[in-house]
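Right, one structure below, let's go through it.
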C-alpha cells in the first residue's frame, strides 16, 4: 500500500551496538489518529525504537518517514519541530521550575536564541497553559515547584509539556509506571481524549491499561516484530504467550 | 658614619678590610645622633621618617613558585638591616622593615609597591627578583618617585632613575665568562639552552653575537624550554647529535634540577661534556644535588667559597642568623649589598629624599662587600668582577678564574 | 517599555539590591577610601566581571568553564596592545635599534610591526576587537564542543587545557606578546595620561558603571525565556532538546556572552593597572575567578560581585599581615563554601534573612549579601 | 644523511625512541592513579599532583634518614613502599572527610579538591620550606649504561619504566583478577545493586580513592629520580595527567595506557624537531582537537543506554 496514508512509516530499520542488533530490520506503520501500543519483554528494543524515531539514537540502516519527511537524517530538535513529541521512561521535567514554568518553557515559540530572549508571555500563552494544566489535572498545583509533585503527577506534567507543543505524533514511554489505580484510569481517559486529533505511540507493560487504550498492539521481541493486531488477537497468539511465559 | 666611609677610602689599597670591619664595631661608640639631622631637614618629601626611625620596604615572593629563589634575598636584606641598626642606624634613625609578599605574581608586585610607596611612604624598597616582577613594579616606582634596590643578575636593557641594580647586567656576566671558557676549553662549537623568557633569550642573544663575532666560534644549537617543563629527553638527544664543545645554559627553577639530573643520567657528565651556566648558584645546587653538577662551571660575581675577610664575616653572620645548613648564592649576596648602598647614599646626601640620595650614590665605593670592592656606576649598576666557579660534590664552588673590574653596560652596542 | 525595565532591573527586589550595590561602588567606597585602596577595589571590580560571566555560564547554565581567564586576558591584551603602541613612539624609544617598536619586540630582534598588531593603531578598532577577539575564540570553542555535546567535566578539563596552551603560546612567542613580562609600562590612552589621580578616578567610575550595565544585561538574559531555558538545560538537557530547542546554539550564545563580559573586565584591568601579563591567562587565575563566584553565590549576579570583593580584600589584607596563612585560608574557604554553602553568601543570606522587609533593612545596613529570588520571576 | 653518519643517526633514533618510552612511563605513572579515581569513580581530583608530591617528600625524607644511618644503597625500595602507604592513608582520610560528601556533584569535587591542593601546597611549604629539595640517590640509580659507544641509556629512565610496568600490571591484576577489584567495578557500575548483594560500597569508595592516591604517591617517589621536589611540583603534572586520562577515554585502563603512549611519543618527537615549548603546545593542541572530534576519548565503547 502507499505509505503516504500513514503518519509514521518505518521500513527495514536496523540499529546495532557493537554487533548486537537491538532493532532488527523492523517495519512499522502508524495511521492518523491511531493509538498504538508497543509491548514486549525487557530488552525487546521498545525504548530503542522510540530513541530511533526521535533521533536520540542514529539508525544503522533503514528509513523512518514522518509524513514524507525522512527523520533518520534530522537532528533531535528538528524532528520535534516536524511534530513528534516524546515522553521518557522516567519522568523528565524541570524540578527547579514551577509547573507553570515547565509548561511555558515547552510552548513552541521563541525557540531560537534571539526569539527566546525577546519572548513575552502573551494572553494566548497563558490561556494555553491553563487549558493544558486543566487537561492533565494539575490546575491546583499550577504554581507549585515541580519537584514537589507526586510521581504520577510528574508523569502527567511531562505529557502536558508535550501537549503544549501540540505534536501530531506523541510517543509515551511507560506513562503509567508508578501510578495508583485511580491515576491510571485518569491517564487512560487522558490518552483517549488526546488521540482524537493526533496519533499516539505508547510503550506499556500493564496489560489492563493497554486494554483500555490500545487501538492496535505491536509485540516486539529481540528487535523484531513478533505479532501485530487487536488486543484480543494478540492475547490468543501462541508465540506471544510463549515469549511472555518464556519457555 | 660618613667618617667611617672616609676612613675606608684612606685605607683603600692597604688591603685592610679586616681592620675596616673591626672599625665597624668601634663606630657604634661614636654614635651619630638624630639630633644632628633634624627630621624636617632630612625628609622634605613626606617619607615615613621620624626623629628615631625610618621605614623601608622588602618586597619579595614569600609564597608561590618563586619563593624557592627569593627567600635567600629576604634573609640577606633583613640581616644587613639588622647589622646597620646595630651600628646605630642611618642618620641616627633605626630602620623599620615593612615586608610585603609578591606571591610570585607580577601584578601583585605592582600592587604591593604601590602600597609601600603611597600608603607606607617607605624611604626605600629592597626587592623584586624576576625581570617580570621588576617590569611590573617599575612604572609605579617611576610615577611615585620611589627608590628600588634590585638584587638579581638580569638581562640589562634598562636604566631607571629610581632603581639601583646590585646584581650584574648581562654583558658583565656573559662576555668574560665566554672568553675564559673559549680559551680554557679551546671551544669552537657552542650549544645555547635556556628557559623560555626574556632573561635567557637576551643573554643568549648577547652570547651568540659574542661567540660568532669575537671568539670566531660557532653556535650549533639554540633551545628554549617552557618554564617548569621537566622533560629533557629530546633536547639532550639533540645535544648529543650536535656534540658541542661547550653547553651554555640559562635554565631556571624546577626545570633546572630536571635538566642536570637527566643530563647526568644520559651520560653527559663533566668528564664527557663541559658546560658553563649562568643560572646556577649555591641555592639551586641544594635542589640539583652536588653530584649532578660536579665539574660543571658557573659564571657569577659571587660564590660562598670566596676567600676574603668581608666574606668570612658575612658567611659567619649569615649562618649565625639562619643556621649552619643555610647557603648563600650570588643573588643573596647582591641583596645584602642593597641596604648598605642605600645607607651610603643617604649619608652622602645627608637626606632621605629620594632625589638627593639618587644623585649622591653614583661614584660611591663600597669596601665592605663580601664580593670585594664594588663601585656604583652613573648608570646605576655596579662595577664588579666576574668569577668562574667549578662545582664540587659538596655543593660548593671552587673559584677557578676571576676577572678584573667590569664596567656595567646595560645597552651594549653591537650586541642588540 | 516598563516591562523591559522591569526585566533589566529584575523586579523590585532586584532593583533594590542593584541600587545598593551601585551606591556602594559609586558613592560610599569612593568617599571612604583613599585613592590607593580605591584603586584596589577598581582592580577587584574588573574580576567581578568574570564572576558575573560565571554566574551566567556555571550557576545558571551548569557549564563550568575553567578558561574564563583566557577571555579576561585576551580583552586585556587587546587593550594593552593599543596602549603599548601609543607608549612606544619613536621619541621615547629612540634608544632602541628600531625606534617606534614596542621595547620587547626590539629586544627580540623584530624590526617591523607584526601584521596582527596593525589594527591596534586605531582606538575604535581596538575597542571593537576587545570584544570581537574573545567572542570569536569562545564561538570556535563552543561550536566545536557543544555541537559535539562535550559537557560537564570534559568541558571544564578541555577549557583548562586550552587556557594552558594559550598561556604557553603567549609566553613562548614573547617577540610578539612580551612573554612572561607581559605588556608593561603603558602610559596614555590617545593622549590622556591614565596614571594621573584624576584619570584613576575617572576609570574607576567608568569601570563600576560598566559592571552595573553588565549586571543589567545578564539580568535581562536570565529573566527572559532564555534564562528559564538555561536552568532547564542545566537540569534536563535531553528534555529541552526534545522540546524542540537547539541546545548547542543556546550554549554557544551564553558562552560567547560570558566571554564578552569577561573581556570587558580584562580591558578595564589593563586601563587601571597599566599593564597586562600572561599570569591572567593561565589555569590558576581562571579557577580563582570561579572561587569568587562560588563564594558570592553561583546563582546570584550581585552575590558574585560581593564575593569577588570580599575574597580579594581578604587576600590583600591577609597577605599583608601573614602571607603564610593566606593559602590555608583561601583553600579552606573554598572547600568550606563548596561543601557547606553551595549557594555562597547569597545562599546564606537567603537562609537567614527570611521575610524581605527585614532583609532589605539588613542589606541596607550591612552593605553586603544580596538576595537571589526576584532575579528570576 | 644531514651531515651525520648513519651510525650517529641510528644511535639518536634508539635514544630518541627510549626517551619517548621513558616519557611514556612517566605519564603512565601520573595517570594511573587518576584513571582509577576519575575514570572509575568520576571524581575530579585536582589535588592529584599534591599526592604525588607527598610521595616525593616521603622519599626525600627517607633519603635523609638513609644518609644518616647509611643504607643509601637499599633505601629507595622502602621509600617507594612508604610513599605508597603515606599517600594511601592520606587519601583514605581525605575521602572520609571530604570527597564522600561530594559524589553527587562532580564539578564541585573539582573545585573543592583544588582548594585542598592549595592547602596541601602550603603545608609542604611550611613543613619542608620553600626551597626545592632533592633525594640522595643510590649509586645504582645514577649515570647510564652503554650497550655500544655513542648510545647512553639513562638508568633512572629504565628504573621508572620498570616501576611503571610493575604498577600497571598490579593495578590490572587488582582490578580484573581479584575479588577486591571485582567489588570496585561492581560498585562503580551499579552502586545500588552492589550494595544489595552485600558489598560495603562506602568502604569500597574509600579504598578505591585511597588506592588512586597511593599510586600517585609511588609516581611521586619515582619522579625524585628525574626532577626535584618543591611545594608546587604537583601543579606541574596535573593538567598532563588529566589530558592522558581523558584522551584515553576515562573509563578504560587500556585507553589510559594507549593514550599515555601516544602522547609521549608525539611530544618527544615534536620536541626533537621543534623547539621544546612549541613542541608541547603542538601536542596539547592535537589532543584537544581530537577530543573535540571524539569527546568520549579513544577507547570508550559505544553503549546502549
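As written, the chain order gives the labels A, B, C and D, with residue 1 at the start of each chain.
What we mean here is this: contacts are C-beta pairs under 8 Å (C-beta built on N, C-alpha and C of every residue); 3 or more make two chains touch, one makes a residue touch a chain.
The shown structure was predicted, so the numbers you read here are calculated from the model rather than taken from an experiment.
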Central chain of the complex, centres being mean CA coordinates: C
Chain located farthest away, centre of chain D as origin (C-alpha): A
Geometric centre distance via CA averages, chain C-chain B, whole Å: 38
Computed distance of Cα centres, chain B from chain A, in Å: 76
Geometric centre distance via CA averages, chain D-chain A, whole Å: 48
Chain C-chain D separation of Cα centroids, rounded to whole Å: 34
Residue list for chain D, restricted to those that touch at least two other chains: 122, 125, 275, 277, 280
Shared interface positions of chain B, touching two or more other chains: 62-63, 196, 224, 226
Interface hub residues of chain A, defined as touching at least two other chains: none
Footprint of chain D on chain B - complex, ascending: 62-65, 67-68, 71, 196, 223-226, 228-231, 233-238, 240-241, 254, 257-258, 261-262, 264-269, 283, 286-289, 291
Residues of chain B defined as touching chain C within the complex: 62-63, 100-101, 103, 105-108, 110-111, 114-115, 118-119, 130-132, 135-136, 138-139, 143, 155, 157, 196-198, 201-202, 205, 224, 226-227, 411, 416
Contact footprint of chain C on chain D as seen in their complex: 42, 44, 98, 101-102, 105-108, 110-112, 114-122, 125-126, 235, 239, 242-243, 246, 275, 277-278, 280-281, 284-285, 287-288, 291-293, 295
Interface residues, chain C side, partner chain A - complex: 3, 220-221, 224-226, 228-229, 231-232, 235-236, 238-247, 249-250, 253
In the complex with chain B, residue positions of chain D that touch it: 4, 8, 11-12, 15-16, 18-20, 22-23, 26, 122, 125, 129-134, 136-137, 142-144, 146, 152, 154-157, 225-228, 230-233, 236, 267-269, 271-272, 275-277, 279-280
